[in-house]
Amino acid sequence: MNKAPKPSVTSFQYLTVISGVLFANGIMSLPRVVASDAGRSAWLVVLAVGLVMSGITLLADKLASEFPSQDAAEWPKLLLGPILGRVWMSVYGLRAIALCLLTAQLYAGNLSLRLLHETPTYVFAIIILTLSLMAVLARIPGFTRYSEAAFFLSMPLILFVVIPFTKGNSVHLLPLIGDKPAEDLFKGALAASYSYSGFDFLWFVYPYLQHKASSKLWASGAVLLATGVYTFVTATAVMFFGIEKLNIIFLPTLSILSGIEVVFFERIDSLMMFVWLSTIVTTAASQLYTATRLTQGMSSRLSFAKTAALLSGLLLIMAINDIPIRQAVAFSDMFGVFDLSFIISSLLLFLFLASLRKGKGGTSPEK
Amino acid sequence: MRLLLKYLILVSLIVNSVFLTGCWDALPVENRIFCIAIGVDWLPEEPHYEITFLNPLVEETRSEQSRARTIRAHSISEAIAIFQHTSSHYMSFGILSVLVIGEEASKQKQSFTIDDLFSFPDLRPNAYIIVAKGNAKALLSVMPPENQRMGLYLRDLLDRANNQRDSPPPTLHEYVIRMMTPGMDALTTMVGPIGSLDPRATGQKTGGDGGGEVDQSEGGGSQGGQSTPEKDVEIMGAAVWQGDIVVGQLTLPETQYLSLAQGTAKGMLLQMLFAPDERLFPQANRMVTLIEQETASWDLTVMEGVPHYRLTLKVRSSPQNYEGTSDLSKSENSELLEQIMALNIAQNILASLQKITAMGSDPLCLGQQLRLKYPDLWDPQNWGENIKNSQFKVECEVTIRNIGLQILRIEPVNKKPN
Amino acid sequence: MDNLWDKIIGLFGEADPANNNQQPEIRMRGYKGNLAFLRETFGNAHDFCVREFRLGGDGHKVSVVYINHLADPSRIAEEVIMPMASFINMAESPQAKSRPPLAKQLLSSSDLKEITDLKQAETLLLDGWALILIEGLNPVLAVVAHASPGRAVSTAETETTIFGPKQAFVETSAINLALLRQKIKTSKLKVEAFTMGTKTTTKVLLIYIDEIAPDNMVDEARERLSQVEVDELMDSSYLESLMGFGSLSPFPQALYTERPDRVAGNLLEGRVAILVDGSPEALVLPVGFADLFQVAGDYYGRSLSVTLVRALRVLAFFLATTLPALYAALVSFNYEILPTDLTIPVASFRTGIPFPPAIEVFLMLLIVDILQEGATRLPTKVGQTVGVVGGFVLGQAIIQAGLVSPLLLIAIAISLIGSFAMPNYRVIGLVRILRYALLLGGSVLSGVGIMAVWVAIIIHMASIEVLGVPYLRPLAPLRMASMGDFIYRRPYINKPTGSKDNEQGT
């Protein structure tokens, strides 16, 4: 990014893109994954993790505000130096590629498990990656508009969860605390971490934001919105199934929707799987964009479009290898812990370096 | 540059199209055979299970008929596999309405049957699960009145039972949750075939064509079905489960009283049978009352290791067909009736509670109350035995809102001419 | 003196149009040379007319050159020849002194220009002007003498409304501009003229209201128009592609309208309009997805009823595009989504149909589209017969032959009727394309395929910006202020005009 990007992203788009990136990750299996450790307190654990993540998002936004017209493909080089900065960007880029692939594979595996069993999972993965490439080529202004539209498409489906919520038995939620020891709750919290991967995409959206003054509010609002949804879905799953059954249901979010029958449609879980594609594309495209910008940040001579296409092609080839869904879910649990640790530690380090730089009177074009 | 990008996108779209020409999962509806009801019976000899699939006939657009096919196998999955070998169609469970467990089969562990069924992703989880009085095959072979499809007729019957709280049946989802959760057992509707509700029926059974037809499929022993199908079905009560096995049965009134104890009886028409009482019931001692509102609150104390449950019930009702001679508009008469009704309800609820706990079943989630209040005493593994020691006390208060006029009877009663 | 002369001439004529054709100038060659050039250029064209006479009867030679039927001979005779022929002041020299008297006193034409470039003279001749060549005078005078071969202002044919104005544009841009000026009586209405087409030299007018239309939007429009290089420009529809607005995209990125009231309304909302001489349709930019569902009559009805109708149009759009694909998807893949009581009848209807659902739908769509195309081109009476034969007889026969299921026919009929609810024919074309794309997705991968195609469509729409304005507005980016004219049309309130929704770049 040689010149300051044109501010074209509204605050609401900022919220929808951040929350959209979060929603796709793990909402399908989150209740089971957390409840297997945290028991009946699963929803409280999810809520607590969300509140912590909201605070971390504030810090991430603060870091972005230190470099208002540069994204995370530029300022690591300023803070860490050209070599170390590129090393960090490489690790960050690999992480983005892994997350993109994981997102595509998880959705593809879920589809194959629930709906379309004979279709090879790489077909779905290819579709997701192709659509992600299209979204990336639309650049941030177009991509954020798409994420806003996807937000409107997918959020109403979450409202269907109200129906099983009313049918659930609150006795399954009790006692609120005390059912499991603290270390199990902590394990549950770590298991929930994957569901919050991707909030750092705000580092690439921030330079395009129109109203940067209120960005913290919207960024943390996005995470809180995701937290609210996660908490509600987890509580509903626990209430509806009870802990004993919940631990054996692979995709509890879909299972609680499978029993809903409305006038024109009977399997809301199938509808959810279809519409969820839009959110999945938001997440996968955000990571593809991240990887593209980071690669482009390595050398200013790289073209954005060509780099995006190249990375997309690479991911397409990797996606042809089927990963069994259970392995993918297990990997995502581990990945979530690594991802969050990496992002949080980098965040703290960069904030520290940025404050040092500011203290030394470091110049940056935007200031 | 833009041309290159467009070329790349075009190439990827073409590549995708190559991958997407498989239509791997396409299976048009006409190539499927739908199962609207499944019956599971158990026989002493191998293979133990006799699975009945009820399939609607779709060849004729306006046909309301179904075909029942029976297969002997070791499990539902095996039965389906046997069926697939003999049919060009693919069995689909997306519109399954009812799962019927035969009386004998219900005494075997049903968890793996349910497990088998849930392995089909298109299974409709809102299908009801009931227990048949007698044979599931006989129940599904009934030709219902007005030539309706049996599975859907059963479903409509159970929908009404649900709405009227008349031994409401659980869905598969609800059943499985209760099956797996200690301290929370299932109560499933018990349905049996009957001759006819029409009192003018001569009793001669005519062989109908279409609806009650039974096919014998290869791989199973010959098991003769009824040569003349019954004409109708009715709800006879409830099957009481402990986990995944039925441990007893309740009559319909007993089931209704349990609904009262659960606090889910709003809207129910309760059939009450009173002891003879010259003040209020000199002649007929039956009455139907509409439960308009009720609250049931449970309290638990443990004394010397024994759980003592106390149920406090407040009921507001409207008697529908009081046939006594007392003038209920007078407060002393209506208050007396309220007291008698309260006593009657309390006694019947207590009897039902004692009956189910004696069987070791806990459909009222009493164990969950123990888990919450006394977690140290909670033993999920042995709750089936421990519940037998529980003590109960029922306090009931009835308020009559409206005397009402005589309503249409639910079942034919031969009234003596005046 | 030349500057003074130009100023005087300027009193009588409009500013020279921005000549972006970059044609090389051809200098004047004197009376005989100019006349010879013109004769040579137009050759033996039978409508190329030259009237020669002498000033005052025996003065300098004067030739009046014009193209018959483009210029009106009677008007030329009345406004040019007669005044000049009756000029008797032979003592005046035609040079320097005679030009002002000629301009001010003799010629009664309201439009008079002095031409110093023969190429421009040629252009003006083709535009209906008459040229006056005076012996001894190098510059050539041009007077307006249009014959008005166009049609009169009539009612709109393709955009009929029950209430509101009924006028429609005609092929003459000057008249169209006048119709607009009747609606917007402000000097802030700016008109910039362009000439396009090396062979057609078509006049193009860029119109906007200063202080309402954002400057950067106008600048971009102007720049795009300036960059158009083409041999011919026959209609305004050429300009959408020529200006670089998504020639490969199925989504209309400009609004075409023949109604002056609609153009005026859009101008007052801050848009720009383009009039093309010879085209009865004006081009309005920028336009978004939401604008495809609006018609002129929406602004003349009551708020709630208009809102309902717009909601129906949006619903019709989604039904028209998605219903056939949904049928193919549900019947082939996910039957369990259908209500239980519907599944058995669907299976019954499908029994005996020889084609797979996807092929069944595709064939029916093809037949319906062919019928529709056929009915459009034929004269009205014959077209109606085709509609009856195709719709009723063919549909009935195809069901009885057992080639398609009745349920599919219902789905196709709903889809077709939904497409007819679209406000204009270009949107119907869009619906047709989307229908096939969604059918492909739904046939191959059920609801996932349908959703994938919709996601691709939404991404494509999200990436479009027309004159810097996002195509998906006011939905994305969400603009609550603009939502008052999306589906819901807010009632009119007392508010001064001139306030605009500045959506540039957002």
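Labels for the chains are A, B and C, by order of writing; each one numbers its residues from 1.
Here is the rule we use: contacts are C-beta pairs under 8 Å (C-beta built on N, C-alpha and C of every residue); 3 or more make two chains touch, one makes a residue touch a chain.
Remember, predicted model here, so these are calculated numbers, not experimental data.
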| item | value |
| --- | --- |
| Partner chains that chain A and chain B have in common | C |
| Chain with minimal offset from the mean of all protein Cα atoms | A |
| Selected interface, A-C versus B-C, where C-beta contact pairs are more numerous | A-C |
| Centroid-based (C-alpha) most distant chain relative to chain C | B |
| Whole-Å gap between the CA centroids of chain A and chain C | 45 |
| Distance from chain C to chain B - Cα centre to Cα centre, in angstrom | 68 |
| Contacts with two or more other chains, residues of chain B listed in rising order | 20, 22, 25, 94, 124 |
| Junction residues of chain A, two or more chains touched | 115-116, 119, 123, 127, 134, 137, 261, 266-267 |
| Overlap residues in chain C, where contacts from two or more other chains coincide | 333, 336, 340, 445-446 |
| Chain C-touching residues of chain A, taken from the complex the two chains share | 6, 8-10, 12-13, 111, 115-116, 119, 123-124, 127, 131, 134-135, 137-139, 141-146, 148-150, 152, 210, 261, 263-267, 270-271, 273-275, 277-278, 281 |
| Chain B residues within the chain C interface of the complex | 6, 20-23, 25-30, 32, 34, 56, 58-61, 63, 92, 94-95, 97, 122, 124, 152 |
| Residues of chain A that touch chain B when the two form their complex | 113-120, 122-123, 126-127, 130, 133-134, 137, 169, 171-172, 174-175, 240-242, 244-245, 255, 258-259, 261, 266-267, 303, 305-306, 309, 312, 316 |
| Complex contacts: residues of chain B adjacent to chain A | 1, 4-5, 8-9, 12-13, 15-16, 19-20, 22, 24-25, 94, 121, 124-126, 171, 173, 176-177, 180-182, 184, 365, 368, 372, 375 |
| Parts of chain C lying in touch with chain B, wherever the complex brings them together | 248, 331-333, 335-336, 340-341, 343-353, 356-358, 443-446, 449 |
